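We call the chains A, B, C, D, E, F, G and H, going by the order they appear; numbering starts again at 1 in every chain.
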Amino acid sequence: KAKSHAPVMSSSSSIHDTFQHFREELDEHHDRRERLIKASRDITNISKKTIFLLHRLALEANDSSALINASKIGLDKLVQVQEMYASLKNELVGDQFWRYQRQISPGLQEYIEALSFAHFLNDGSLITYEQVQATLCGVEGEAYFPLSISDYLLGISDLTGELMRFAISGFGSPGGRAKALEICTFVRGCKADFERFTPYIWELQKKQNVTAQSLAKIEDVAYTAVIRTSEFDLPLEMLDDIVNQVVSN
Amino acid sequence: MDQQSLENLNQMLDHESDLRERIREQVNEFDKKTRTISGILSKIHSTPSVAIPSLIETIQAPLHSCGEITAALASLIPPNQFWRWKDMWCNSLRSAIFAAALSLYLTKGTLISLQGTSEILGIQDEWKDRVAISAEDYLHGLITMVNELSRLAVNAVILGDFEQPLRISAFVKGLFVGFSMLNLKNDTLRRRFDSLKYDMKKIEEVVYDISLRNLQTKH
Amino acid sequence: KAKSHAPVMSSSSSIHDTFQHFREELDEHHDRRERLIKASRDITNISKKTIFLLHRLALEANDSSALINASKIGLDKLVQVQEMYASLKNELVGDQFWRYQRQISPGLQEYIEALSFAHFLNDGSLITYEQVQATLCGVEGEAYFPLSISDYLLGISDLTGELMRFAISGFGSPGGRAKALEICTFVRGCKADFERFTPYIWELQKKQNVTAQSLAKIEDVAYTAVIRTSEFDLPLEMLDDIVNQVVSN
Amino acid sequence: MDQQSLENLNQMLDHESDLRERIREQVNEFDKKTRTISGILSKIHSTPSVAIPSLIETIQAPLHSCGEITAALASLIPPNQFWRWKDMWCNSLRSAIFAAALSLYLTKGTLISLQGTSEILGIQDEWKDRVAISAEDYLHGLITMVNELSRLAVNAVILGDFEQPLRISAFVKGLFVGFSMLNLKNDTLRRRFDSLKYDMKKIEEVVYDISLRNLQTKH
Amino acid sequence: MDQQSLENLNQMLDHESDLRERIREQVNEFDKKTRTISGILSKIHSTPSVAIPSLIETIQAPLHSCGEITAALASLIPPNQFWRWKDMWCNSLRSAIFAAALSLYLTKGTLISLQGTSEILGIQDEWKDRVAISAEDYLHGLITMVNELSRLAVNAVILGDFEQPLRISAFVKGLFVGFSMLNLKNDTLRRRFDSLKYDMKKIEEVVYDISLRNLQTKH
Amino acid sequence: MDQQSLENLNQMLDHESDLRERIREQVNEFDKKTRTISGILSKIHSTPSVAIPSLIETIQAPLHSCGEITAALASLIPPNQFWRWKDMWCNSLRSAIFAAALSLYLTKGTLISLQGTSEILGIQDEWKDRVAISAEDYLHGLITMVNELSRLAVNAVILGDFEQPLRISAFVKGLFVGFSMLNLKNDTLRRRFDSLKYDMKKIEEVVYDISLRNLQTKH
Amino acid sequence: MDQQSLENLNQMLDHESDLRERIREQVNEFDKKTRTISGILSKIHSTPSVAIPSLIETIQAPLHSCGEITAALASLIPPNQFWRWKDMWCNSLRSAIFAAALSLYLTKGTLISLQGTSEILGIQDEWKDRVAISAEDYLHGLITMVNELSRLAVNAVILGDFEQPLRISAFVKGLFVGFSMLNLKNDTLRRRFDSLKYDMKKIEEVVYDISLRNLQTKH
Amino acid sequence: MDQQSLENLNQMLDHESDLRERIREQVNEFDKKTRTISGILSKIHSTPSVAIPSLIETIQAPLHSCGEITAALASLIPPNQFWRWKDMWCNSLRSAIFAAALSLYLTKGTLISLQGTSEILGIQDEWKDRVAISAEDYLHGLITMVNELSRLAVNAVILGDFEQPLRISAFVKGLFVGFSMLNLKNDTLRRRFDSLKYDMKKIEEVVYDISLRNLQTKH
């Protein structure tokens, strides 16, 4: 329709070409965004399943070598996620990672949560930023994408919730009371360490509130352990043994 | 929209809203029944072990009478529309499942199966596209039972019964292992599974108290 | 751990079997739900693209046969969606449709919106419930799943928004003023017809408010058309011709 | 967390927050520039056609001086972080794109290209992973121009210029065809594309008024 | 809690939930009636002035039949509990008030009074502790009427009727002055009063278009 | 709008806003009274059982003086408007009900009735269309009492009183069974009923601790 | 908490709630005054240009009487607490600013200054830590004036006055250029600035209609 | 708008936005300081009673260094604008108040006064129109301290210290009585007061556990 006016403007065919180009660019962008959203959902699902698996294995574990083994199984399962990130690396090349960060974050944080849980079960330590980044690198050590500090911190912040569940459900097992005291110290450390990052990362404040609640629950567990045994002048392990004998009669 | 389409749609919608009304009536009845049953069951906390079987006996009639409701629902719900309407009665149903599960545990010491629950509530297999017990509802019912058992462990001690807590402990531990096998989402079931962990912890405290005082042998 | 207590309860291996079964059932459910969410997103995307395509074609159309052709092209594109539903039918068999309705609805409503737009361009009529259901049936006429009235009504309710855009962007084209008056009558009819369904379908009330806004915008367009021409005692087409002559000089 | 990790993370975060601060300063400057430019451009509505080129002339200097800002940004932004920070300056950038596009249309009657806009704003191709004009920003700038042109069509008539609206009509129609080719989501761009439709309608009304009164030949 | 108290309380609560159910049924009916009426009334926008009286005629029967609902409500609501339950039906009531007000304006050109509305809807004075029209509901109904009249002004022009907008303008101006004198502390009412300002402007713009073109004399 | 209607409406609206102001004043007074009473009642947690009756004695005067407020409200509220305004004072009223219920339990060991509460607060039967205690408010007051009693059970043990928890346990168990049979559709009440469950459990745990250690016989 | 601290704190809190009450009373008065003034001012839309000055005359007394309120507020507000309480009266104040600005424009054709507004409302410079006009309130008042002027442009044409719109257009254009240069970070102000754009366009369209038909010369 | 007014207004607005920026910088610093202090203070939960004084010692320097911030704020804020800007820093300020209050309690066992807090934070009396501690902020700080003390009671037991909970209980009881006497109209403060009730209960339960087991004599 506009053809008759071609002289007074850049010709309509050049407009056509220009917008044809934009159209392809936008379509490609939307398609990539969609693919990343779907991949992120898959990653979230695998990570969640890994967390449940780790809980199961950890509860069955009777000693630290069983825990280390549980950790290994969990880490193995997470290789699936690492492979997915490897296959996505071309979508996230160069400056593209930051373009789609909002789509990637949910899955990535869930992955970091699962990874840090497996890592904790291995040696009771907190996985570092560098260690997380290292799991997201190709064979030659090149990162699939730059790990953002906020994804790292928000991911490991969720770990405290899982540790709370771990402490509560392990309470009745032999050694569970000692484990609860250990986790209590660990989570208290996390809470304190994360505090100074909250001015930089807005969502971390909300997660710190959740961590505070988890910590209070873990402290209650530890408190119960101490108060119930303090009537008796015997070491924890001996009390555990007495109870265990009764229960297994 | 032509007149015919308008009327057809209107008629279909009227029919649906009618159906909803009639389901609601049944659910109200269902609700009354389960409220009465729960009221009676709440007496287990002040009933000595020995008198519990006869207490449980008194809820058998109202519990089985839930079959009237499930039958009425099965005749109301159109084929294949189970998932469309189930939310309307799932709270009442979960209460009934809880009551059935608790009854069986308190009399036989065993875990009720989904199939067994269906039988007690008169739910027939051939209704499965209209009225059935979903895995989720069954699991909710079991967790409610555990919530109650953790209170019972405490109250049994008050009544001088130190065996009950040990039995409960073993039973709940077994159930917990079962629940741990499930992969849950961040939904109600997951939140309630967390509550089960608390109950287990509470029960363990009681077992601990009893064991360290050697009370289990004292009765 | 619970093994030592086997006598007092259903054996732990039977618990294991039972929960193994639940676990499979829940995993299968979550996986299916996930697949349906993804499919629904794809369907939404195709439907949205079809709507843009229809706008493009409709604006280029100069006569009713061109509109009918536009409609055909749109309907052809939507065959993609129909094939996706065909491939999903096993996921939705029996009572399963209602279980996943909340996951399916968004895509389905967008599809119905696109379908009703294409249908409108063909002969200016509103697609019926039966006609929509017919597009979701296999070769032997068996429905892939039962079309719910609420999805139908909520889908066609969105059509009014697209018609509003159509009326505004066509305003300047020859015949656009007449088209606006036509659309005005059509949308007013939709608004009135849908009104009696609002007590049954809660979300329809919100959509009716959107329709009311779209209608007011269309009425403004029609009003402008009338008021601008009422100073001149000539029929609409002649005025259009005069303007067209000036513009194409 | 060990002390080293803590300090590393803290340092990285401090660095980022510093960077944000320094970008914000540039954006404030950018904002002042574009506010001044917009202020001057808003005079086109009361300026006779003949005087418009010299009005446009006056914004060339401030418009080109935006290059200082884009250069400063390009030296601030780390490699590959374009998409991370661009939201901070995209409002100012869109205003600048609008000004460049309107200037070119009012002087040459043609549509500015994305490439052409980059040149005016001193944005270099090799910065593309740090500072660039995205398709979206460019399109937003064009729509803002159309918003202004629809007002101009009205005001041109007030000033007795009946040709401008016809020129604007043809120009905007062409642009509209271009925009129609895009598949948009329900986002800002789509909402603004709808506003473009309104502008086109408004312009068509003016053309209608002029044509029916045969005013186009009268000047 | 002794048995007697418990039964009393439960009876009260059951009675309340029953009553709510029965009111809801009436409200559903009320809602259906007013939606049908609104559906018919929406045709005024495509009906030539001359045919409007007979269109209005067709809603008189359903409108007066609302009296059945109000009577049913009056017999359901316990003495003194008007304020307890009124929120349940106030939306339907406001729609009915709107319909009554619009009917009277379109046939007689006058403003309905609160008393007049009560009569049409069969609401008796002696029910005032159970069913009545509050000042707030009446005012809401009037504002809805004005919302509709501003659209009618536009649509009358589409139908080539240039007199209706002038009549509407005079009528709404009077109403608007009245409303601006009211001490509207109520938030919702205040917000809706703002919508009335918008309607006023819209109507003024229609009258403006007509005056500018001298169309009022053209019919 | 004619002058008369306008004045009527404005009078209604003004009267309403005036009335609200005057009710608010009374509620402020009511609030001060109940705050003082609660302040005194909070001392039960550090008062030995034997001194509690004389502590309760000291709140009788302020508690009965609430009758002045209820009388003032009864004279302010227009006939039939109980349900319109009751939300304004229901918080204060629930505090007063709580205080009356707790007093009676701590002195007589019995549950106050709704009728008994009305008498203490000077609420007359013939005001029932203006000022009354609704079932809901009464139940809220009772739940607040139980919240306090669960704290009292804990604090009694701290003071070395092992009988009080047993008495509380018996009393609250009865109340709890009553509540669980009620048809609580009301959301807030339902949520507070959950807090009651929590209190019950806490009290049971105290009794458990006492039983486990055979402390109940030790005093 | 020792008795002295407690009393101090309680006195502070009580004093605050008292003060709030007394400010509210003044604001109610202020509100009544500005409602009356706005009521009168709304008549400009049906008043011929020539009669406007005498209409404006009638609001001078009530407008100046706002000084009583501002004086009362100045004596209520403690030193330095202007920013603490200003939100309570800012709506009324903005209405008064609007009235003062519109009056001056309609009689002298000039823009009122912030200083001039303070004088009319009797606000003294030495109150600046208690009662003052903030830049924000002043700008809000001006935007409300423009909202009204765009309506006046339309209504003047209805009354056959084609000069008023031209005067308004020139006046508002100047204001608009001023506003577009302001650094409006404030969100509400920014949103209202958008309404100003809309008013500008409306006024331009009126002038357009007049120009197109050469009506400006016809009076 | 004349050039002078425009410049004045723009200067005011620019100044305001500048000032906000500079306050924000100080608040960022303040925030970092208080987070560091909170981080250290959180170690009290794992520190044996005997080591707490030296832990508290380590926060004295950073706590007093807050005086640099308050001094910077006092020099930034224009006279009389305390209430305009205080919301920007009130979170940090409340954290600092909390730290000061907790320090004093843990070292001296006494309650900090508002005056005492001002001194520690270097807030001078003559700044009261620019920087001061409001009653509200002081009370918020105290409530945060109680939240922390209830956790400390629990954690002291974990460390085997059964005396700390008894001391905390006595201290918090006194504070609680004080708070219940306050006329808390403020919503946030009221809600936080509820959290204080919860803390009280928690502490009482700890004391209960200790008393029940006669642990207080065990150390």
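Operating definition for what follows: a contact is a pair of C-beta atoms (placed from the backbone, for glycine too) under 8 Å apart; a residue touches a chain by one contact, two chains touch by 3 or more.
Computed from a predicted structure; not experimentally measured.
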Notebook entry, point to check: Counting C-beta pairs in contact, does A-D beat E-G or the other way around?
Noted result: A-D
Next item on the list: Specify the chain most distant from chain G by Cα centroid.
Entry: B
Check: If you list every residue number at the chain D and chain G contact, are more than half found on both copies (same) or fewer than half (different)?
Finding: different
Next item on the list: Indicate the whole-number Å distance between the mean C-alpha point of chain A and the mean C-alpha point of chain E.
Entry: 56
Next item on the list: Would you mind pulling out the distance in Å between where the CA atoms of chain A average out and where those of chain H do?
Entry: 33
Check: So what's the Cα centroid distance for chain F and chain G, whole Å?
Finding: 49
Check: Residues of chain A that touch two or more other chains: which are they?
Finding: 1, 4, 30, 193, 196, 247
Next item on the list: Return the residues of chain E touching two or more other chains; collapse runs of consecutive numbers into ranges.
Entry: 177, 181, 183
Next item on the list: State the interface residues of chain G toward chain H in the complex, per the touch definition above.
Entry: 1-2, 5-6, 8-10, 12-14, 17, 79-85, 111, 113-114, 128-129, 135, 139, 174-175, 177-179, 181-185
Next item on the list: Using the touch definition up top, name the residues of chain E that touch chain C in the complex.
Entry: 28, 31-32, 35-36, 38-39, 42-43, 45-46, 151, 154-155, 157-158, 160, 206, 209-210, 213, 215, 218
Next item on the list: Name, in rising order, each residue of chain H that touches chain F in their complex.
Entry: 173, 176-177, 180-181, 183, 201, 204-205, 207-208, 211-212
Next item on the list: Enumerate the contact residues on chain A facing chain B in the complex.
Entry: 48-49, 52, 55-56, 59, 165, 168-169, 171-172, 221, 224, 228, 232, 239, 242-243, 245-247
Checklist line | Footprint of chain H on chain A - complex, ascending | finding: 181, 184-185, 188, 191-193, 195-196, 198-199, 216, 219-220, 222-223, 226-227, 230-231
